[in-house]
Every structure is written in structure tokens, then in C-alpha cells.
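Common to both upcoming complexes is chain A, partnered first by chain B, then by chain C.
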Partner chain A sequence: MIRVKNLYHSYTNDSNYAVKDVSFEISKGEIFGFLGPSGAGKSTTQKILIGLLQLQRGEVSIDGKDIRNANRKLFNSIGVSFERANVYKKLTGIENLSFFAQMFSVPTEDPLKLLKMVGLQDAASKKASSYSKGMLQRLVFARSMINNPSIWFLDEPTSGLDPTTTSVIKDIIRNRQKQGATVFLTTHNMHIAEELCDRVAFITNGEISAIDSPRSLKLKYGEKRVIVEHIEAGELTKEELSLTEEANKERLSSIISAGKIETMHTQEASLEDIFIKLTGKELK
Partner chain B sequence: MMRLIAIFKRDLKSSFREFLAVYIIVAPILFAIGLRFFIPSVEAISYQFAIEESLGNEVVQEFKKYGSVETYNDLDKLKSRVNKVDDIIGITKGSAGGYAVVLEGNEAGGSRYIAHQIINRLQGGERKEIVTFSDIGARISTVAIYGTSSVILMAIILCGIVIGLNIIEEKESRTISALGVTPMHRLEFILGKSLVGFSLPIIEAFIIVWILNMTNINLMMILVMTVASSLIAIIFGFLIGVLSSNQISGIANMKFLMLFVSASFIGAVALPQTYQRFLYWSPIYWSTIGLNSIVANTATWPLIGQYTMWILGLTILIFFIFRKKISTGLS
Partner chain C sequence: MRRLLGLLSKDFTVAYRNYFFLIVFVVAALLIAATVFLVPEQLSTGTGILYTLDEVDSSLAKPVIALFEGHKEYKRLDSKEAIVEQMKKNKNTVGIVIYEEQEQLRFEVIMQGFENERSKNAMALTLESLANIGQLQAESIETVLLDKDMDYGKIAFNKSIVPLLLLNEPIMLGFIFLATLIFMEREEDTIKAYMVTPGRIKEYLLSKIILMMVLSLISTILITVFTVGIDVNWLMLIAITIAGSWFSSCMAMLLGSFFDSISKAMIWILGISLVLSVPMAAYFVPSFSPAYLTVIPTYDLMFALREAVFPGTNPAVMYRSILILAALGAIMYAMSVLSYKRSLARD
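Up next, the complex of A and B:
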């Protein structure tokens, strides 16, 4: 569905690349997470894919069409939810969606239905200038569905949302996937990525360091560990032990033999741990 | 076409929800209302005569050459009319035959002499002339001409600025990016935005003409000149939009633009004919002289065609100079 090969981009038109030799493919109906810290090249890549930045070097095709020669009608099947809430503040929520609906030449969704989906039905007739940050984020998310897109670009769709609303947004994304939509999810929220994505790509300094499913990455790079709380010399002691290192395994055996364990939990490596391990950087 | 209309309607809606834009749109109308009080009416700049019917049609026709004539079959009614607030000269039969001039007493100085002069001519007299009649072609006051054309020009330019404010809004809210991921073409965006710059000046121009009681001028010519002049205002609007990052800088750029517009207008009105060629480069100059000639009822279609071609030519030239800037600024 989306194919990117040897993508490069420089804002200064020299060898100082913001994106370097990025290649990946996304299948139809897949949720693909693009993970990286701020300034890693996530937005640059997405902007090239959606045509907001000119393709300088490399190949990009969406739905089998080279974006260099793509007709603007291609956007009838593309939806984009921006990280920054770029809406018309003087228009109401419903006016914003109705206006954008008129930009597409395919049947569009009912604006009120979309606003209800994201919990904005009560604010539908209020000007967007009176919306909170979370409401604006939801409005942008709802707008990205107005043309019922089959290719959906989501840039931090849950940024600034409370846990309940985040859960609603995640459900909508899953439902859309079930209906066949392909999702390109840009985020630095590893929990969202882990829950939603079929595959993720780690990007830092404009380069991709790993692409795989969250489970495979964890199996490949994660270390199985266990956290044990036990009584030793009359005091409660907490220890984190590796299940692969010999010394740690022997220590765990001796704790178990002593029979004074209070709690014991296996500890899986999180996607964030693996990101740090692979890139040496934190996701901020 | 649907997208153009949608962009136009959105811009209009957005503009009417913004105090600054509403003020900019309404300002020319308010100026026209104010100006209405200073423009002398048609009656005030020509003579009015109240003539007793019994003096005959020949007398009435002679007086009509010099002003407007009202006829009365009753002397009291005639006197009552003369007694009203405006200046009107009564003409009746004299007690010893001949004519008598009825005045209120507070008329402008020359009124009675003009009546005497006309009566003298009627009688074929050869008395020493106190007043001589000549016609320099003026049918309307200069206040009315320059006032009307300047307010129409103001409406045209300000509506262009409304486009600029709408583009600034798109840039500030980054909605241009959101539109950039729809099937909308950039040309549709430009044309949709331009519709405000065409439609509002036309509506405002006709309202201004109506407020200023100038409906006797050639309205089709006004339409042509307004549409042609709107083109340059639209380019100015786009330039303000792409050059300004926010409303404050937009207003600063607007002031600079108004300087250029005012200079062109004042130059067209005040400079001697021989120096006017130094203003030929300005499309506002051609708009000004075009509007002035229409309001003064001296315009002809070939002349309007010539002015329109100048405006179009210069506008296209200005567009090509700033084309890249506009295109980049809308990205």
C-alpha cells in the first residue's frame, strides 16, 4: 500500500540530511508505527508521504502510484490527522468538518456522526476558538476521517488526551483497521504503539535502526528479568535478576530455596527499553 | 467550482466574525454616508425657478435653459414655494405688465441678477449685461466626483486587504497544510480566495453610488472599472497575506500599501496633465481617472476600454513579478 525506498531529504539542499536512506513498506490494512524522539525525522518523512514536502531523492509510492506523478485525486483516499490542531478557530466544529467535506470529490461522512464518535457532539455548534487543547485534537482527528480514508496518517493522535478519550481514539483506529484502512502512526508514545501497531520502525537522526513487530523486537532484543521481594536477615529486600545470566540464575535459585519470597514478577522489556538499547536515546 | 464557492463562503463567514475585517468591509459605506452630507445636490448646483403658468410656455422653456423649473397656477402657492428653505427664484407677472422677480431675501448674491438677465434676454433688451453665461461642461461638483471615486477605490482596495487577512488566518492556524492534503488544487485555492475581492467591491460600489445619489452615472462602466481595479487589489491582498506572518505585520503592510494607493490617487487628481505620465506605471492611477470620468459623466466606452487595458496589463506585470513570492508563501 505504501512503499518508501532510499528516501533522503535535506532542508538545506546539501548533504546535511534530515532523513537518510529510509526504506520501508506498509501492507494494506496494517497499522505501522513510526517511532522516534523529536527531531528524528518522523514528521519530515510523513510530510513527504502526504505531499507537503517535495520528494528530493528516493522513491515513494502510495497505492501503487508514484507520488511524483500522482494526481491530486489520490487525496480522496488519504486522511491526515496533524499533531498541531490546525483548524479554523472562527468556525464551529461542525462548520470546520462541513467545509473540509466539500474539498473532497468522494462521498463523505456525516460531520455530526464524526463529532459524536470523538465526543464533541455537545460542542458541535461552538466556535473552535472556545475548544480546549484536547477538544481541538479530537476535532482534527475527526476531520481526518471525513472522506472515509483507506490510507490514514496519524501524527500523535492521542497527544493531550485523557485516558478515557485515548481509549476511544484507540478503539476508532482499531475499527478502521478492521474495515481495511492502512494506518501510518507517528508517535513517541511507546504504549500506544505497542497496543496498536502491527509493526513499528525506530527512527533516530533521520535513519531507521529497526523495523519489526513489537513482539518480535521484544523477543529479539529484550532481556527476560524477574523482580523478587524476599526476607533476608530479617529485612525485606528487592532484587531484579536476569533469567539468562548464569550468576543471576544461581542467585534466584538460592532465594527460592530459602523459601522467604514475598512477591515475584517476571519483567518483560518494554518497547521503550528496546528503543533505548538500540538507539542509545530516550523518546522525548 | 464547488470548492471555489466553499472557500468563498468560508472566507466570508470568517471575515464577518472578525471585528477588523468587518470594519474594513463597512468603512467605505460609512465614508459614503459621511460624504453624502458634503456633496451638494444637483438642485443646489443649478438654479431653480418657480414660474407662474400664465407667463406662457415660451418663458418656461427659456428659463429651463438655465436651471430646473417648477410651474404654479397660483401666486400664493408660488410665494409659499419661494419661502421654503432652498434657493428658488419666483417669476410672476409684474403689476405694470412685464415680469416680477419674487425672492425670499436670503438667496445667494447672483440669483436676482441671473433672473433679471434671463428676463432681459426674453424681452430682447440690450441693457448692459451684469451676468454672462458660459458652460465649461461641469454637471457635477468636484467634491462629488473625487469623493465618489475615492470611496469606491477605497472599497476595492480594502476588500483586497480582506483577502490578505484571510490568508494570514490560514497561515497562523496552519490550515493551509490541512487543505494541502485534500484534492483541492492551488489554483482553486487562489480563485476561491479571490472571489471575496471581486464580489464585495461590486456590491459596495453600487451601495456607495446609491448612497451618494449618483445612480444617473453609467453603472455598467462602474461595474467594468470595479472588476478591473479589483484585480490589482486581489494581488495586493495576496501579497499582504504571504508577506505577513500575523495580523499585526499584515496591518503594517496594509499601511505601506495605502501610501502607494493614496499617492497614485492624489497624483491623478492634483498633478498637472503634463506630469501625469509619471504615474502611468500605477494601475491605481488608471483606476482613479477611469472612476473620475465615469462619475463626471465624461467617460466613453473606448476610454474605459483603454483604461481597463492599462490596468490589466500592469496587473499582469505585477503578478509576474511577485508570482514566485505568492506561490512560495502559500506553500
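Up next, the complex of A and C:
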């Protein structure tokens, strides 16, 4: 559905690249997470994909169409939820959605239905200038669904939202995926990515360092460990042991043989741990 | 078409909620009230001349007295003292004492003290010619009127300034309005949301231009009807207003594409507004037409508006102005579309 090959972009038109040799493919119906810290090149890549930045070097095709030659009608099948709450503050929530509905030449969703989905039905007739940050974020998210997009770009869709609303947003994304939407999710929130994404790409300094499913990444790069609480010499002892290192494996066998285990938990590396391990950077 | 209607609906709503329409109505009402009730119908800017005859042979002074009596600005008093007393009361006067010396007319000029050298010289030359009035051959000076029907002097002063109001209020105010609207949307970053729809930049900008044209027309019609009346060349007045609004809107859009906030652009907005206003200096003195003034598009526009409001016999200025404004607007519109695409890529 989305194909990116050897993508480069420089804001200064020199070899100082914000995005460097980025390649990936996203299948139809897939949720693809694009993960990285601020300034890593996530937004630049997304802006090129949605046409807000000119393609300088490389190849990008969406739904089989080269974006260099794409007609603006392509946007009828694309939805974009921006991280910044870029809505008309002088218009109400429903006026914002109704306006954007008129910009598409395909059947659109009922604006009120979308506002209900994100819990803004009571504020539908209020001016956006009176909305809180979280409400604005939900309005932007709702707006991105107005044209029933089959390709959906989400930039930090849960930023600034409370856990309950975050859960609602995640459910909506999953439901859209079930209906066949392809999702390009840009985030630095590893928990969201881990829960939603079929595959993720790690990007730092404009370059992709890994692309795989969260599970595969964890299996490939995460160290399997176990935490054991057991009685030894009459006292409760807690130990964290690797399941791959020989000495630790022998120690675990001896603890099990002794038969005095109180608790034992396997420890999986989080996606964030893998990211730090692969890129040497934290997600901020 | 559906998209353009959607954009128009949005822009008109945003303009209404930003009080653009209210501002247009209020400013138009204030200008109408000032024009009708405050600005005088007749305005005299001439200097009054107070004169007296001091022991002059009546036959020698007769031609001069006859000349003075033909002008209402000239007033004869009994003595030099009376002149000085009157001059102290009215600072817009000069005095002349006419006396005789060796059978020749002589003049003593009494001035207020603030007159510049040019005025003093002009007065001296005038009096010198009066002293030799018997040798002056008026028939040697022939005045040719290129347009005998054109007599703007018959128009009441308060009505004669209406074309200036029409130039300043709807067109220049439109420039400020559009700049405000553009920068407000830039700060909201809504253009990015629009650019990920099938909508095009040219439709986005066109909608705003149409809004400004409507605001300009409302203002023009209100001011014209309530000051001059309905006896104007409406077709041309509307066409010129649309052309003027198109020009100023396109200029504001082009300017808006180079800056990301109104505070950064303010110096340019004010500077350009000032330059566009400069031709007003030539409104009451059409003979003052240096090239640097006439190249400013508002110069022709100003006289085109006057021609439409007070139909005369110079329709050429209207057609010329419409064509020039339409062409300049089209160039700036095309540049704006390109510039917006570039500025979006910069952000």
C-alpha cells in the first residue's frame, strides 16, 4: 500500500540529511509504527508521504501511485491526524468537520457521529477556541476520519490524552484496521506502538536501524531473564538471572533443585529497552 | 465548485466572527457621518487681502480697484490701522496699503510674519504687475480648456472627497483584513490540514479574495449611496472596486506568504499601505503628477473611482485602471500560489 525506497531529504539542500536512505513497505491493512525520538526524521518522512514536503530523492508510492505524479484526488483516500491541533479556532467542532467534509469528493462520515466516537458530542456546537488541549487532539483525530480513509497517517494520536480516552482511540484504530485501513503511526510512545503495531521501524538521526514486529524484535534483541525469590540459609533471597548465560542457567537449576522457591517471573525486554539497545538513544 | 463554496462558507463565518463585517459597517457609518455632517460643502483655502487707499489719485487707482472689487477675497478698509486690527483677528490675511509717489502707484505689503519666501515673492510679482496694470495685455493670454464639460469644481467639497474614501476604506482596509486573516490561519496551521485534502492552494486563496471583494463592495455601496447618492456609474464603480480589491488582496496574499506572523509582516503592511496612499496627495492637484506617483497603481485607481462616482468624459482612466489592476493582481495571484507551496515546504 505504501512503498518507500532510498528516501533522502535535506532542508538545506546539501548533504546534511534529515532523512537518509530510508526504505520500507507497508501492506494493506497493516499498522506500521514509525518510532523515534524528537528530531529523528519521523515527521519529515510523514510530511513527504502526505505531500507537505517535496520529494527530493528516492521513490515513494502510495496505493501503487508514484507521489511525484499523483493527482490531488489521491487525498480522497488519505486521512491525516496531526500532532499539532491545527483546527479553525473560530469554528465549532462540528463546523470544523463539516468544512473538511466538503473538501473531499468521496462520501464522507457524519461529523456528529465522529464527534460522538471521540467523546466530543457535548462540545460539538462550542467554538474550538474553548476546547482543552485533549479535546483539540480528539477533534483533529476525528477530522482525520471524515473521508473514511483507507490510508491513515497518525502523528502522536494519543498525545496529551488521559488513559480512558487513549483506550478509546486505540479501539478506534484497531476497528479501522479490521475494516481494512492501512495505518502509518508516528510516535515516540513505545507502549502504544507495542499494543497496536503489526510492525515497527526504529528511526534515529534520519536513518532506520531496525524494522520488524515488536515480538520479533524482542525475541531477537531482548535478553530473556528470570527473577526468582527463594529461601536460602533461612532468609528470603531475590535474584535476577539470565536464561541464556551458562553460569546463570546452572544457578537457576540449583535453586529449582533446592525446592525453596517462593516466586519466579520471567522478564521480557520492553520495546523501549530494545530501542535503546539498538540506537543508543532514549525516546524523548 | 463544492469545495469553493465550502471555503467561502468557512471564510465568511470566520470573518463574521472576527467582526470584519461589523468593522466595515461601523467604519463606513463613521465616514458617512463625517462626510455629511463634519466636512464643509464649501472650503476656502485662499488668503484674504485687506487693502486701503492712502491719498491716491482716483483715476490712477481705478484699474486696480476695479480688479480688486471683482474678487470676494479682497476687502477694502478705511485705514492702515484698520487693516492691522483685522489682520490680528484673522491670521489668514495679508494687507496692502496703496499710495501714490511721483504719479506712480506704490504698495506697502503687511504680512503676518509666518509667510514663506515663495509667498512673498508671488505677492511682489503680483503687485509689480498691478503697478503697471495699464500695460498689461490680458488678451495676449489665452486659456484653452481640453475638456469643457469637466468641472469638478462644481462638486461640493464634502462629496468630492468620496473617491478618496472609496480608495482608502474598502481597498486599503481589505489589504489589512486579508493580511490579518492569512496570518491568523498561519498561526493556527490550518493550511496544512487543508493541503492533505484534494483542495488546491488556488481555491484556498480565491475564496479569501472573494470575501474581500464582498466586504469592499458593501463598504463602497454604503459610502456612495449615503454621501453622493445613487446617480453614479454603478457598473464601472463596482467593476473598479472589484479590480481594486483583487489587486490589494493579491498583494496582501503575496506578502503573507513571506512571513509566518503578523508582527513580522507589520512593518511591510504599514509601509505598503503608506506607498499605496501616496497618490492621494495628487487628488486635489491633478497637475502634480510626477512619474514616481503615477506608476503607483492607486494613482489611476483614485481617478477612476472619481470618474465612476462623478461621471465625466474621461472613461479611459477607468478602463485603464481596471486592466492594470487586473493584470497586476493576476501576476501576484500566480506568484502567491507558488510562494505558498514553497512556504509550506519550508515549515
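Heads up, the rule we're going with is that the second predicted complex is superposed on the first by the 273 of 284 C-alpha atoms of A that agree within 3 Å, B and C clash if a C-alpha of one lies under 4 Å from a C-alpha of the other, contacts with A are read in each partner's own complex, and residues count from 1 in each chain.
As a convention for this text, contacts are C-beta pairs under 8 Å (C-beta built on N, C-alpha and C of every residue); 3 or more make two chains touch, one makes a residue touch a chain.
Source: prediction; values computed, not measured.
A.B. asks: Looking at the combined model built on chain A, do chain B and chain C fit side by side or clash?
C.D. replies: clash
A.B. asks: Which partner does A:Trp152 reach: the first (chain B), the second (chain C), both, or neither?
C.D. replies: neither
A.B. asks: Go through the superposed model and pick first if A:Leu91 touches only chain B, second if only chain C, both, or neither.
C.D. replies: Touch partners of A:Leu91: chain B and chain C.
A.B. asks: Given the touch rule stated above, what does A:Phe24 touch, chain B (first), chain C (second), both, or neither?
C.D. replies: A:Phe24 contacts neither chain B nor chain C.
A.B. asks: So in the superposed three-chain picture, is A:Phe202 touching just chain B, just chain C, both, or none of them (first/second/both/neither)?
C.D. replies: Touch status of A:Phe202: no partner.
A.B. asks: Which partner chains sit in contact with A:Gly51 here, chain B, chain C, both or neither? Use first/second/both/neither.
C.D. replies: In the superposition, A:Gly51 contacts both chain B and chain C.
A.B. asks: Flag for me the stretch of chain C that overlaps chain B after superposition; candidates: 22-30, 94-102 or 130-138.
C.D. replies: 22-30
A.B. asks: Could you tell me which stretches of chain A are touched by chain B in one complex and by chain C in the other?
C.D. replies: Dual-contact residues (chain A): 50-52, 72-73, 75-76, 78, 80, 82, 84, 86-91, 95, 99-100, 102-105, 127, 140, 143, 147.
A.B. asks: Please give the residue numbers of chain B that touch chain A in the complex, ascending.
C.D. replies: 2-3, 6, 10, 13-14, 17-18, 169, 173-175, 177-185
A.B. asks: Could you pull out which chain A residues touch chain B in their complex?
C.D. replies: My answer: residues 50-52, 72-76, 78, 80, 82, 84, 86-91, 95, 99-100, 102-105, 127, 140, 143, 147, 153.
A.B. asks: What residues on chain A touch chain C, complex-wise?
C.D. replies: 50-54, 72-73, 75-76, 78, 80, 82, 84, 86-91, 95, 99-100, 102-105, 127, 140, 143, 147
A.B. asks: Give the list of chain C residues in touch with chain A in this complex.
C.D. replies: Per the touch definition, chain C meets chain A at residues 2-3, 5-6, 9-10, 13-14, 17-18, 185, 188-190, 192-200, 344-345.
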